[in-house]
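In the two complexes that follow, chain A is the common piece, with chain B as its partner first and chain C second.
And now, the complex of A and B:
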């Protein structure tokens, strides 16, 4: 692994009073390029966007202060973003579906493949095959699967297969009832490799003696899986889960390539809505508000990361 | 390989054929499930690959799977997208966008990571925690102000805007990754160089960078593939049609030729070509970068 934790032998930094009051010009020079880019392109725009989210934002500039009206409209008055009812719909609800099903299926299949692959000789090959979508563009994944889902059974593989059983043809991406499930399946196909590789590395860390001892004591493979393997990889599972949830909040490419949020607006996600409202539609204040919602959804993850890394004392 | 598998392997030599067959059948569910998974993960891509080499008249008449009974191949689709549809230009644009967008953050993040790992200054730990926090800022937060701000400067029509934004939004992860690697380098080595009178820049150039090639390579490959595959940032920060990289060009083709799968397939494999080469030749670094990003 590229990053090991800090060797325990390193001494804690000697506490010297007065040390802190000297300006260290070397440190400033090393940090300056990064600080400039981060302040100009991240920090300052973030502050601007927070401000713009409380404005009508005509033409991308401050035009008319509207307070929290953009946010109130988003959550109560915009069926494209959130429509409560039965069943609920809208971009935010779609993201909820994504978070539940995409995250669960990726972790479940990733763990299943990682565990099963250790039992066969072609472990490296199966892992590489499943991991391959991680390397290619979401744009290409979108084209690959739009082709598989194509309604004409003389072109689309899935409808050709269903045709053998006398079903279909089904327009998977053309109906509001199926489109989100079809897209989630593609997302899972693209991300299982990530879960597999991370969880497989974690499984290799479980000592084989523990497993052997359990087997000698007559434990079944099922109880070994649930009582030994799952608890020992629970931290990597939570890390993978958090990363996948972040993927969902930022999900854009697949939606843009495969459906443009359609049919109608039925497969929009938050990140897609942000782009759509801000640029093609030119509703800048509203788009800024969606960007702030994205940021707020990511804040728990941000706190989780900062806590995790500061408690690990990676700082020297 | 686990200890059980090794044990089973050595024992199987003195088993009879019938026993081995029983064992194989007992294990066959695993092979069947993994085989099925392998098929689901390979067949969609292979289907598109075959389609990219089929004449488009064949594509309209029958599915790509009929190629096995009725083979016919052509390079016409590739020639057509490269010449007629401007994919050759888009490929070059992708190169122009990706190389600086990878090298700029690589250099800047290395410098900052070195300061955070080996130079003492006030609020160093706090600075590092802020960097970790910035890792989570979504790119969307900058879209509106940066597009407004860069439009009059012309940065959105040359490649400047996309270089700088890719660099900036990649820095927190890069600094995090590299700083955590730099800190594991032997302290004695760096202290000894300091005592010998080496400057910080000298230590950075002659000790830290040469010893950190694996980590720098992991970050470089990660960033290269990220930028090469990116669609969203290019849609926002490249506003000249002549400067569009391949992912944007493919979505335009998708709009124009919704069911011309032969052309779309050829264009998609051209965008996948570079990542596949990188992936197969440098898989180890890529997986390392990924692991470093999520676990620890």
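And now, the complex of A and C:
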């Protein structure tokens, strides 16, 4: 494994004395409460869910073993979850759109705002404004934007604005063609502040000497940005990116508050499908299978994250 | 890896320790509600329920006027039997809350069940108490209901849910006053309806309001159209596990619907209607500034149109400012056929109080009290139509009781999962329905099997 191949000097573990291992009872005692909580509330439910995903799961209990049938139905016979074709649709595809566009837009806009803000005097004000949505609960963001998108221009801000130009009214959340984009825009609005603040801090960490040296050597601002700034903040960018990807794979609150997965089922995400199948519809085994799919999608991201953390290079 | 070896035995011990009580909870959870979940219980045998504690809890998702009407029934029950009856309303996430209470081993005594698919799944997982387990003989109450109505609550030959309230879904709503101004009249057949639609347009009006953002408004359209075109046998077959959604009759019914529901005829066009919710669509016809003339929807539209959400001024103007006419026949077919929607109530605890309450619900006395509230039609035949507070509901009750055949809302009979409403929304927006129907057929077949 990767851990073993690392140089000994980096190994955070204390060297063990002697050959046989000694049980450090004090350490175990200290770990016990945390371990217990993790096992009860994390490990056991996870194992239970894996089991349930291969079961019919009537009433949320093991009732009839079905093997992989839940998974097969999920991928081959559930247009609400995945419909192949052009364009594809379904919860899984919606989540792919979210991962790509939400993550990219958050990082891109976050970096843009951070870079531009460092060059003006009222930087703190701009960053405070951009960061403000982070202080609003996701459910509240959902409610606020439901009003902004409301089709009736008397209520909906956006349609009132469009009305000035003689457009609309547009039902942003009412049409399968626009609903996912409208929701992604809300998600970006809510998260871009996070990216801005982290990336802005990273930019501050770049030594001015490096930049000045580049300028003395005659580098253009453009090449300073792409050849010096971007490489030097690449690690914070990936931290932000990975955090956003994890957030978006488990995205539920905005969908639940704003559209309930609608119109029809066109704005469902994986997490929303899981809720919908397991709880209101009572298909616990099927819902558990969706949860497992979600878990499997998260695993590579988490492995990536853990490996990077253990490489101890998080701070640029 | 020595670190892991240290912790591993420990983790296994913990896992075993934590798993044990959870396992116990699981098994008691499945038997606790009601205490008796033995399959194939005694047919019409004596009740095995325990003695009640003198109070019951009933949950539903009704609020507002519906809640007021129902609590009157509960009060009448308490007065008659001395058993306290508490009402709990969960307006949102009703199914989730109900299932969570069941899983937690703390179900309400009696609950309205949201949809027949849910009734089937709850009954099969052993969470519901059938009427025979309660000690209520199905044959003894059958005579209280119109034929076929009790069958909706039957799962695997056992009666679990009693239909307690219903509404016709064969009513088209309009304003007689405005019809007079426009010089048009209600239609009796589909051609007449098309002509009426054209006449309203010719008079400068917009004929139809549609709340297509709520998929069920379109399933209601489809069900009544399909029933009128194809009759009860085809209807029953379609909404059963043997239903064939790729049959040409399905496509024909959708096409028929769309001769009225299209860009030219609905307020706001296809895009606008797709974004309009049910209540907003009702408001388009009955608000103080109406923008359309006709709305097809269940009998409950009357209560909503004259309620606080739309236009309370209409109260007392039933028959002049608001009225309905029966959904028309199609090519001479479907005379006297009516679709209806309704709610079933089921017991989740087996004791004498619950038995008394379920029995009470089947009496004309309870139906009468409920009917006086003015929000529902009682399915009980002996309820005098004179007790309904408005002429609209009276006429609706007469439509249902005098119908040649009534059929329950088909999409409510389908298993959870595939979304007929979403399919019809796509069809309304002009997507190719043939492919969607094939896909729906595959998904619904699986859903029936998996239920």
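Definition applied: the second predicted complex is superposed on the first by the 286 of 316 C-alpha atoms of A that agree within 3 Å, B and C clash if a C-alpha of one lies under 4 Å from a C-alpha of the other, contacts with A are read in each partner's own complex, and residues count from 1 in each chain.
Just so it is clear, a contact is a pair of C-beta atoms (placed from the backbone, for glycine too) under 8 Å apart; a residue touches a chain by one contact, two chains touch by 3 or more.
Just so it is clear, the model here is predicted, and its values are computed rather than measured.
Colleague: Please determine whether it is chain B or chain C that touches the greater number of chain A residues.
Modeller: The partner making contact with more of chain A's residues is B.
Colleague: Between chain B (first) and chain C (second), which, if any, makes contact with A:282: first, second, both or neither?
Modeller: The answer is second: A:282 touches chain C but not chain B.
Colleague: Examine A:44 and indicate which partner it touches, taking first as chain B and second as chain C; both and neither are also allowed.
Modeller: Once the two structures are laid over each other on A, A:44 reaches both partners.
Colleague: With the two structures laid over each other on chain A, which partner does A:227 touch: chain B (first), chain C (second), both, or neither?
Modeller: After superposing on A, A:227 lies clear of both chain B and chain C.
Colleague: On the A-aligned overlay, A:60 touches which partner chain: chain B = first, chain C = second, or both, or neither?
Modeller: Both chain B and chain C are touched by A:60.
Colleague: Of all the chain A residues, which ones make contact with chain B and with chain C?
Modeller: Shared contact residues on chain A (touching chain B in one complex, chain C in the other): 13, 21, 28, 35, 40, 44, 48, 60-61, 279.
Colleague: Help me check something: in the complex, which residues belonging to chain B touch chain A?
Modeller: Going by the criterion above, the answer is residues 1-5, 27, 30-31, 33-34, 37-38, 40-45, 47-48, 51, 59-65, 107-109, 111-112, 114-117, 119-125, 127-129, 132-149, 164-165, 167-169, 171-172, 175, 177, 180-181, 183-184, 187, 200, 204, 214-215, 218, 225, 228-232, 235-236, 246-247, 250-251, 254, 259, 261, 264-265, 267-269, 271-272, 275-276, 278-279, 283, 286-292, 294-296.
Colleague: Hey, which residues of chain C end up touching chain A in the complex?
Modeller: Within the complex, chain C touches chain A at residues 2-3, 5-7, 10-11, 14-15, 18-19, 22, 26, 29-30, 93, 95-96, 99-100, 102-103, 117-118, 121-122, 124-127, 213, 215, 271-272, 274-276, 416-419, 421-422, 425-426, 439, 442-443, 446, 450.
Colleague: Which positions of chain A touch chain B when the two form their complex?
Modeller: Going by the criterion above, the answer is residues 1-7, 10, 13, 19-21, 24, 26-28, 30-31, 33-35, 37-38, 40-42, 44-46, 48-49, 52, 57, 60-61, 109, 112-113, 116-120, 122-123, 126, 128-140, 143-148, 150, 152-155, 157, 160, 189, 194, 197-198, 201-202, 208-209, 211-212, 215, 236, 239-240, 243, 246, 249-250, 252-253, 256-257, 271, 274-275, 278-279, 284, 287-288, 290-292, 294-295, 298-299, 301-302, 305-306, 309-310, 312, 314-316.
Colleague: Mind pulling up the chain A residues that touch chain C in the complex?
Modeller: 13, 16, 21, 23, 28, 35-36, 39-40, 43-44, 47-48, 56, 58-63, 73, 77-80, 83, 151, 169, 171, 173-176, 262-266, 277, 279-283, 286
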